[in-house]
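Heads up, the thing below is written out as C-alpha cells.
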Amino acid sequence: GGVAGTVFASKAAASSNLPPMEPTWGKMLGHGVVEYPYGQPSKYESHVVRRTVPWLTAESISSISMSPLHDLKGIITPNGLVFERYHAGVPQIDPEEHRLMIHGLVERPIIFTMEDLMRFPSVSEIKFIECPANGGMEWKGAQMEALQFTHGMLSCCEWTGVPLRVLLDEVGIKPEGKWILAEGADGAHMSRSIPLEKALDDTLVVYAQNGEMLRPEQGYPLRLLNPGWEGNTSIKWLRRLEVGDKPWYHREETSKYTDLMPDGRARKFSFVQETNSVITNPCPENPIKNSGLIEIEGLAWSGRGRIKQVDISFDGGVSWVPANLKGLVLSKSLTRFSLVTKWNGQPWLLQSRAIDETGYVQPTLKQLREARGGNSIYHKNSIHTWKVANNGEVTNVQIS
Amino acid sequence: GGVAGTVFASKAAASSNLPPMEPTWGKMLGHGVVEYPYGQPSKYESHVVRRTVPWLTAESISSISMSPLHDLKGIITPNGLVFERYHAGVPQIDPEEHRLMIHGLVERPIIFTMEDLMRFPSVSEIKFIECPANGGMEWKGAQMEALQFTHGMLSCCEWTGVPLRVLLDEVGIKPEGKWILAEGADGAHMSRSIPLEKALDDTLVVYAQNGEMLRPEQGYPLRLLNPGWEGNTSIKWLRRLEVGDKPWYHREETSKYTDLMPDGRARKFSFVQETNSVITNPCPENPIKNSGLIEIEGLAWSGRGRIKQVDISFDGGVSWVPANLKGLVLSKSLTRFSLVTKWNGQPWLLQSRAIDETGYVQPTLKQLREARGGNSIYHKNSIHTWKVANNGEVTNVQIS
Amino acid sequence: AEKFGFGKTATAEEIAGWDIDIRPDGLGLPPGEGSVSEGEALYEQLCATCHGLFGEGEGRWPVLAGGKGTLTEERPTKTVGSYWPYASTLFDYIRRAMPFTAPRSLTDEQVYHITAYVLYLNEIVDDEFVLTHENLAQIEMPNKDGFFVDPRPDAQNTRCMKDCADPKTMKIEGTLKGITPVGHFIEGADAPAASHEGQEELEREK
Amino acid sequence: AEKFGFGKTATAEEIAGWDIDIRPDGLGLPPGEGSVSEGEALYEQLCATCHGLFGEGEGRWPVLAGGKGTLTEERPTKTVGSYWPYASTLFDYIRRAMPFTAPRSLTDEQVYHITAYVLYLNEIVDDEFVLTHENLAQIEMPNKDGFFVDPRPDAQNTRCMKDCADPKTMKIEGTLKGITPVGHFIEGADAPAASHEGQEELEREK
C-alpha cells in the first residue's frame, strides 16, 4: 500500500542541490538583518493561508475564513493564520482614539484609553477561540472535503489583557447588576449579553495576542475574551460594556446563535463550546504517503476545562485505544494528542474521542442528531470520521 | 510627580472619534475575510520592529538584530519579531531540496528529506533562545540607552520538531561516539560541537515555530534547538550532523564563543545561558507617565531550568522584595514576573534578581566583573539597573 | 481592594452618544415614533435592494419576512416574523448595523418608521400602525415563547472501549462532491483560492 | 526500540561531498598541500580587500594577524596568531566560509596555500613553508594552552533581602551618550532606524 511521493522524488532527482553537491544557497550570501524589520514566512509556504467557503455568505465583508489546521503544529496558531469572522469587515482603528466605556448599573461610569487599560496589571493565557458554527455545514451530511473547512473556525493564542473583574471592581457594580452588554466599535456594533457570573470568573479584556498587539482582524486594539465560550461572545473592537439587570436579547442572541430544535423551539444562551477533537494527521490534506510507522496526531479542546483523555478508533467507533496527550495540557486551550501505529495499506475509519476533566465524553453524530435534529447549525462537536483508503487517500465520511 | 501624556491628550481632544460621537470606523464597512490570506499587524504598530546596532558589525549580512522586548506581552515572541543573527545572511532554501545527513560514528548513515523528518512523532516545547552576546556591550560600562539593545537578543517560541535522540537512535551511535558536529547549509556553514550528553537529553531538530513552519531567519526549513544553551549552538538551516569521539574546535568555538579571562586564558564550551532577568516596565522605552499604582513587570529566564523566584529592589540592591511569577512557569522558557506598587515621583534604582530551581541566584555586575574581568564579551547575566528620575524618565545605569 | 483610579469618569453626555442598546422592556428606546406608511418609502429606498421589496431577500442577502410555520420543517426560514422573540431587537439592530453599507446613518425617527414597516411586512402590525417608544415593548411577536435556556450537556456518551457499535449495521456516507472549495488542491492555484473572487473563478473553471 | 526506518542510507560519495569538517588531529583533511609563496598571491587577490595586506583588517573587517601578547590588555586583539589554539580551525573555516561573498568556491589546494600564508602572516611558519595534510596537525599554535573548560557557575550571589549593599559607597554610572541607535525615538523615523543604512543616515543627521 501507500502512494509514492512522485512529484517530490522527480524534482529532487534533477537537482544539483543534493549531496554530494553543494547547494546554491551554500555558495552565496543571503539578505542581512532587518531587511525585514517585521518578518514574513518563506515564499515556499505561500500555500499556508486562511481560506473561505464562498457560498456560505453573500459576500466577504460579513463572512468567515478558516485556519489551515492541517498545516499547523503545536498548540499556538500564528497570528497571520488565526481564523476570521467579521460582520462589517475589519475597521482600521486608531488606538489613540479608541475608548472603552463601562457604564450602566455601576457606581462610577468610566471611559478608558488604551493607555489606561495597559496600566492595569496584565495576565497572559493560552486559550482557544472557536466559532460555534465550526462544523455546522456537516449537520445534515458530510459536505466538506478538507479539514480546513470541517474544523478550521478554530484558533489558539496566548492572549494578554486585564481580567474583566478588575475593571468591574473599578466602576463598582450595583447589587442589581446581573448581565453585561458588550459592544464592538465596528460597523456591525456587534453586541452580546454576558452573564455577570462569567464576567467575574475568567473573562478578559484583551489587547495582545502571541506577544504583540492584537491583529486588526482580531479586534485591534481591544477585544473581549470569554474563554471556552462561542467566539461570537468575545466581542472584537470592544468599545462599551454596560451593566444591566437583564439580558438584552439582541440580534446575535436571538436571530443568530440560538439553536433550533426539531419541535420548533430554540435554545438560547448556548454559550459553551463543548468538548471536541479531530485528527489532523492523516486528514484529506495530509494523505498517507508511505507504509510503515505513522503518528496519528490531532487536536482536542474543551470549553469546559482541561482535556483528560483522547481515544482513537480505527474501525469507525467499534473499538477504541487510548492516545497520549503531548505538550501542554491547559484549560480551554488546544491540546495535542498522538498515537504511533503502523499502516500497511489497510482501510481505516479513523475517529478521535475526547474526554474532559469533568468526565464529559465527546458524543457521536448520531447522539447529537437524536438530541437536536439537523437544524441547530451551531455547536456540532461530534466525533468525526476520516476514511483512509488503501492508497492512503483520506476522505470525510459520516457514520450512522 | 509624573509626566503628563501631552501628545496623547491633545490629539484626542481634537478628534470627532470620541464619545459621544460615533467614530468614523463605526459608520463604514472594513475589508472582508481573506483580503489578507496571511495577516499582518495594524499599521498603527509599525514602530514594533526588530532593530540593530549598526556599529556592532561591519555590515548587515553577518550581524544581529534585537527583539522589541519593551513592546512584547506574555512569553511568546511573535515570529515576525524574533531576533536575528546571521553569519552569511538568510539563505532561501527550497524545502523539497533540503536534506539532513547524519553520519560519522554510526551504524547506518542516513539522509533525511523534510518529509521524512516530519513523519517522526513530533514534540512541541516553549523555549527561549538567547544570543550569548546579549548585554555584552555593557561589560565595561552602560552603553545602551534602551531595553531593546541591552537585552533584545532574546526570544521565546513554541518550537516543534523531533528529539535529536530519536534520530540518533535511527542511525545507531557507535560506543566511541561522544560529540556531535552540527552544520548549517547557509554560506557560513556554521558549525558547532555538541556533547552527546546534551544531544541525548533535550536537543530538538526543529521545523516549526509558533505553529507554522520556521521563518527563513530562524533556519527554514530546519534548525537545531539546544534548550537553555547559547543561541549559536542551535544551528540554523541544519544540513549535517556528524558523530565523533572528540570536539572539532571550529572557529565558532575557539575564535568566537570563548570567554577571555583577565589572566589571558579563555573558557571554552561555555554553553549554558545562566539565570537572568530584566524589568520591562518601566524601562527607557516605557517611562512612567503617571503617579499612582504601577505594575512593575519583567522577564526572567534560565538555561538551567525553571525560574523559582524573582525579587525586586527599588534602591539599587540595598533591600529586596519578592515579586510574583505570572502565567506559565516553564523550564528554559521566558517567565513573567510582576509587582504592583505605587510611584509618586520618587527616584528609583530599579533592579530585578532571578533565582532558578537549582537555587542559583542571578549575580551582581560587580560579582561578574570580579570573576571574569571586562573582556569576556559573552554570558553577561548580571542584575540590571534602571534609574527612574522624578519626572518618570528611565535610563540605563550601572552600580558598583 | 484599593482602586487603581485609571480612566476618567464618563459624563452623561458621553454615555448618551454611545448608549444605543434597546431591551425587550423598552429600556434604551429614544423618544419618538414612526409609521408603516413613511417606513415603506424609506425601506424601499434604503433596504429593498438587498432584502427585497417584500422582505423576501434578493439573491443571497437575508430574508426579513415570511417563513411562519416553517420552524419544524426540513428547511426552516427564520425571519423577524417567524423566529424573532422581541420587536426591540429589530429596532436595536437596524439602528446599530443597517443599512449594511452605512451603519449609524439613520435618525431615530427613520429607525421608528422602518421598524414599523418591517413589522408590517411580517404581518405583525397593520398598515395604519404607528410605532412609538411607548408601544414597542407591548408588541407581541409570534415566536415570543419559542426560546428556552440551553440545557446542555444533552448527549450522553460513555467511554466504551470495545464492541461499541455493530459493524454490520454501520452506514457510511461519503462527502457531497463539488461543494468544497478545492482550488487550493490544484497546483499553483493556492492564493486566489483563498478569496471569494478567486474561488468563484476557480469553481467556474472546474 | 523499533526503528522508524525513514530516510535513505547515505552513500560514501554523498557523504564525501558534504563532509568538509577538519579536526585538530587532522581528521577530515583532504590530501594535498600548499605553500606560503603561492598563498600570498591568492590571499592578495581574494582576501586582502577585507582583511588587509598583512592581515591587519580593512575598516571594520576582521583582523587576522598580530595582537600577540595583548590577551591580558585592556583592548585585546584576538587573531589566528594571538588566540586560535589549532591550525586545523583555520583550514576548516576558510574552506567552509571564505571568501565571505563566495563560500565553498576555493579548491582544496587553494585552501592549503592560503592557510599556509595566513599562518605565515602570523609568524607561525616561515616563508619557505609548505603545508600538507600530514604536517598540519603538528603545527603548534602560540595560544594552544590558552583554553580551559567552562567552570561556571562562578559568581556566587545569595538571596539577601535587607542591607545587602551600602548606599553610602554606591557608585552610579550613567549611559555613554550618543552610542545607542535612538532613531526610533524620533517621531516618524521608526522604520529606517531599524536598518543599517537608515540608522547611519539618522546618526549623521544628529
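Labels A, B, C and D are assigned to the chains in the order they are written; within every chain, residues are numbered from 1.
Operating definition for what follows: contacts are C-beta pairs under 8 Å (C-beta built on N, C-alpha and C of every residue); 3 or more make two chains touch, one makes a residue touch a chain.
Remember, it's a predicted structure, so these values are computed and weren't measured experimentally.
> Does B-C or B-D have more contacting C-beta pairs?
Output for the comparison: B-D.
> Taking the mean of the C-alpha atoms as each chain's centre, how many Å separate chain B from chain C?
Chain centroid spacing, chain B to chain C, equals 47 Å.
> Find the geometric centre of each of chain C and chain D from their Cα atoms only, then give the gap between the two centres in Å, rounded to an integer.
66
> Could you put a whole-Å number on the gap between the CA centroids of chain A and chain B?
28
> Counting only Cα atoms for the centres, state how far chain B is from chain D in Å.
23
> By residue number and range, which residues of chain C touch two or more other chains?
Chain C, residues with two or more chain partners: 4-6, 10, 14-15, 18, 100, 103-104, 191, 194-196.
> Going by the touch rule set out above, which residues of chain A reach two or more other chains?
18-19, 26-29, 32-35, 37, 49-52, 59-61, 63, 65, 88, 101, 111, 113, 119-120, 187, 189, 293, in rising order.
> Between the chains shown, work out who touches whom and classify the graph as line, ring, star, complete or other.
Drawn as a graph, the chains match no named shape, so other.
> If we use the touch criterion from the header, which chain pairs count as touching?
A-B, A-C, A-D, B-C, B-D
> List the residues on chain D that touch chain A in their complex, please.
Chain D residues touching chain A: 2, 4-6, 10, 13-18, 100-105, 191, 194-196.
> How about chain A: which of its residues touch chain C in the complex?
46-47, 49-55, 57-63, 65, 87-88, 101-103, 108-113, 116-117, 119-120, 141-146, 149, 166, 169-170, 181, 183, 187-189, 191, 239-240, 242, 244, 246, 248-251, 254-255, 258-260, 262-272, 274, 285, 309, 311, 313, 315-321, 349, 353, 355, 360-364, 367-368, 370-372, 375, 379, 385, 387, 395-400
> Over in the complex, which chain C residues touch chain A? Could you list them?
By the definition above, chain C touches chain A via 1, 3-10, 14-15, 18-25, 27, 59-61, 71-72, 76, 78, 80, 83-86, 88-89, 92-93, 96-97, 100, 103-104, 146-167, 170-177, 179-182, 184-185, 190-191, 193-196, 199-200, 203.
> Which residues of chain A touch chain D in the complex?
18-22, 26-29, 32-35, 37, 292-293
> So in the complex, the part of chain A that touches chain B is made up of which residues?
Those in contact with chain B are residues 5, 8, 11-12, 15, 17-19, 23, 25-45, 48-52, 59-61, 63-65, 71-82, 84-86, 88-97, 99, 101, 111, 113, 115, 119-126, 158-160, 185-187, 189, 207-208, 210-217, 220-221, 237, 289-290, 293-295, 297, 326-328, 336, 338, 340.
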